[in-house]
């Protein structure tokens, strides 16, 4: 398999930024899952981001469900999502100098110059749109099983959001939020900082934190398909992600075993740990505690500041000043996509464990 | 697939800590790859660690190649590695209280009590022995193609090693090193710190850094099988890994785009970037620069200090004082295993791209 | 994986007979493969069959290439094929009695009644249209590498076509043929017999024979991914196939070893066998002789004669007289689809063996 | 994946005929499945065949369960089976002329001469021993769920066994039978015919018929992973299989739709078909009727009669007279292996559908 993820629930993405359409095929879904078009739209809007912060390319991103849905419910056959590319301004792009921080040069080495270079082609962040549409279906199905997933900005431009507190309430809030911050003032400060970056023709990155509650213990495999392995596999597909850590992650490297180990206790009949430094996973397997991971998002590589680069057609050094419509930050737009990536992994593992019809 | 990794080169691990043997099946290898038994032994010894620092269980870890090798070379058919478990002291272990930080409770939830609980069973770090034997074959084959992989301790117990400088020389040094530090004094200080942790019945973690040079540009897929996805998938199979970052990783979250983007230049006919903040990967695809990633290793969970825990057979809270033979640190032992994990991914992607016989 | 085939080249089909569109995603293609739209149309027409013999539902079956193609060549990214469903007469179909010989009842047991039952839904033979479009791209790429694939009707309604003689010439003829018979009179006789079956409100089946020449020796795996395994896997996806045999197939069961074994000889520097009873495959691996297999196609289950059936909504026995537009035979229409199935397997194995760019 | 089969339950075979051992890794099993060593031995003996008919190489074939079993039950982790090669007479084999009908030449083209040519190496029928040991575990687990699988010789050397009658009773008989014929006289006649073939330094083939009863309706996928696709994929891994047909198979090609379609009826509350021409599968999905398929087994290629061949080391034509220990027929020995292949597919699909723990 190449551009497909999953074993029991699989997702394939296709399309180029300036081609006729982009889309996805989601396979392995149980028959009878309700399609909530409003919920899909909500996630699509959260992915689109706020007008002030994000690219001025405004796609209506109308999601067409081409197959696998009948009478408003999944049929159990492959579900194809199609999103037409409407607002295409190819004139903004040429096979010019490689954009630093982008895939342009790596893609050229892989595809020998046959790649569709317009607007990032298949590498475009636009492909997170069908990813999100597919993910919204999965997020909703998980919600119906009591499994909640939410992602907030832990940190952006040096500004911290508050940590998760009451998981269920916080995730419910994020599920509807226009901007994925738990603390309102943090959100406002981050927006200001992003606008400031835009004004200086630059961009900023950040850290996202994703939480999953209500997750069954016992998911994941000891070797190779550990829960961390599967989640990181999906998460590193999301453009701009350059790091992931579970629970305390890199902080654990500085802790002693006695501080890092999560003490176990019975609490109201079920087993809990008094701390959650391991982020809900031991030995690659979910332990019933909230699953927690943080993701490093690099600053958007498309900036209008001049940069040193190469023209690999001409074979010479050059400077580049990227024109066109670009995001000064994508961290807020990546938040719902990360929740979708987590939903994909969790649905896949749930169906492996409990069978096809589990999500119905 | 469950406990198997890879598409074109695949690795399956099997075995339990106190069963008759542990092993691996490595499939997809080109025919005609030379088996260097001395090199396998070297990697096995590096994985075993120094006597002073590591578990007092000393396994001879004699590697038997059961299949797939003929006249000292690979045949191209599945290669089975078998390592008998000799020094088994099952008396040290019982299905007692769950060990905090270990998989005991999660495994119980997954396997309903049928798991082989002795010595961690299938979750035991001992399974990194066949992983390493398989990896040694791959590391050697890559070396013959000019692709070098090395891992050193970036930080342990608060002590930093120096960064990679001359990659080829540093990796060559690590390839033979008894202790995986580039700076000798850092190594000595780390060993002292680990011994001190052992004396206080505790353990320490650390950060490992892995470098790959000589790697072809153009490896990896834009969506789902990005190079970061595949590497992190393999790396999170290694016990105790709780985080991974590529290039500057989490630091990128605090940088601006203009600082984070790696400027591109022609240098002696080939394309290089003046910085390597992206760790040799753009858009999920190798760009020809050295591949660099860091991994967070949590402190060994087995400590002899008393800890709060549960007895899930009796269904009650209890305290646990772990007896037996344990490592106060595994960070140095994990170093060669991470190189093996990287080798597995890179061989898999090389064979996908260039065909079965590429590694011959 | 569920509804996806292949490891290095993968094909996923989606869509329902009466949904908005049907389609396919073909992934793993080398960049730079020329898209010959005329050749795709030719294969689509061969799949459509002759007006007199086939369903009176006439779809223009316009193939849209949504992604993965740029400037008339593959980009190397997933190629999505979309075919809109235009001539939909849903009124002809209701969730009525199960049609004997069709998937209706089995599908109901699998999908619990959520399946799109209109016109066979996802089970419809219409999905061979995107299969054929994808296959046409692969067939053309193989042809450019000197690998030729052709399928003719070996037998239909008791009438035999002649055997393959000069493979290259015969396959070249079939590649362009309006009706897939090597002997013209056999073709005419078969057409008459099919028309006669239609007049008696019945249908007929047949046997197809597929040949592949120019195929590299050494393709396939000894266990599980034998060439026969992979070919049969793909071939049994084609609706109405109920049997497959390689070389002499079932006849071999009645032969002695001395008659069945193919004697080997050097001929003009290369190794040939004097007979080809094994159909070009030994031990699951191609041996350089023409690959030959025959496929049993059952008679079209949709007939207008009254049949005993059940109404599984009402839970009672009933009789059914199938209305609507149906084929009295599909054997001629299945012929190009089988060539496509073979092309898919062969491309997948070639890319596994020789790498991604082999088909460029 | 190469030499591994399955998605949720996977089997990997390894080993060479004259290497230290052969074996298998069976992964994905539910924890808590009882290991019935007597049943494994029974299947191993059935695979070994009767002394008079089969190779004079007598391996004790002692099955060692290396991992994945604890206290007599599966743990849920990968189960490794190991069978030492004891009775190895390598002197009988050299890298001599290619044996017609064998994989020797094809293997040479694939492995470039690095293959272990002794005794067929990895292609040896001996690898069906670990396949059978793994299959016995699955067959027993299915039996406990009411799913019965049996294979008999439908025809050998022109002699026909009777058809299945009372499936449950017939399969129960075959499960224990020393020779897999339902009619005793047919068995005796076949044995005589095989002995006669041996006396004339030749060999015979045959047709096997496999039945599965008690199988859940709704297994299999509409495209690519049809039940026929998955079964044929596994079945063509078994050496000497050259054809497979489901239900009436190739006979369907000569039938009309009205004769071929299986009429449906309610019978005692459940849905049955009055005939079973489709062999229990419609549209790739099980329909609840007995699953039936027949398999063509070619005559053993190893015969002591002189044959035309080549010496591909010397690059010249030669004659070959195969010495050593060979079977004049393997059809009876292949019977339990085919049941194992069917069990593997069915377990894989059941676990995909109903989850990991279904077989417990």
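Quick notes on this one:
Note that the chains take the letters A, B, C and D in the order they are written out, and that residue 1 is the start of every chain.
Definition applied: a contact is a pair of C-beta atoms (placed from the backbone, for glycine too) under 8 Å apart; a residue touches a chain by one contact, two chains touch by 3 or more.
Small disclaimer: the values here were computed from a predicted structure and weren't measured.
By number of C-beta pairs in contact, A-B leads over the other of A-B and A-C.
The greatest centre-to-centre distance from chain D, using averaged C-alpha positions, is reached by A. Spacing of chain A relative to chain B, judged by their CA centroids, is 27 angstrom.
Measuring from the averaged C-alpha position of chain A to that of chain C gives a distance of 38 Å. Contact with two or more other chains is made by residues 1-4, 7-8, 13, 77, 110, 122, 222, 352, 357 of chain B.
Interface residues of chain B facing chain A in the complex, by the touch rule stated above, are 1-5, 7, 11, 13, 98, 100-107, 109-110, 122-123, 127, 155-156, 158, 197, 202-207, 217-226, 228-230, 232-237, 239, 241-250, 252-258, 260-266, 271, 273-274, 277-279, 281-288, 296-303, 305, 307-310, 312, 315-317, 352. Those residues of chain D lying in contact with chain A across their complex are 7-8, 77, 222, 351-358.
Within the complex formed with chain A, the residues of chain C that make contact are 1-4, 7-8, 10, 12-16, 19-23, 25, 27-28, 31-32, 64, 66-68, 70, 73-80, 82, 110-112, 114-116, 121-122, 357.
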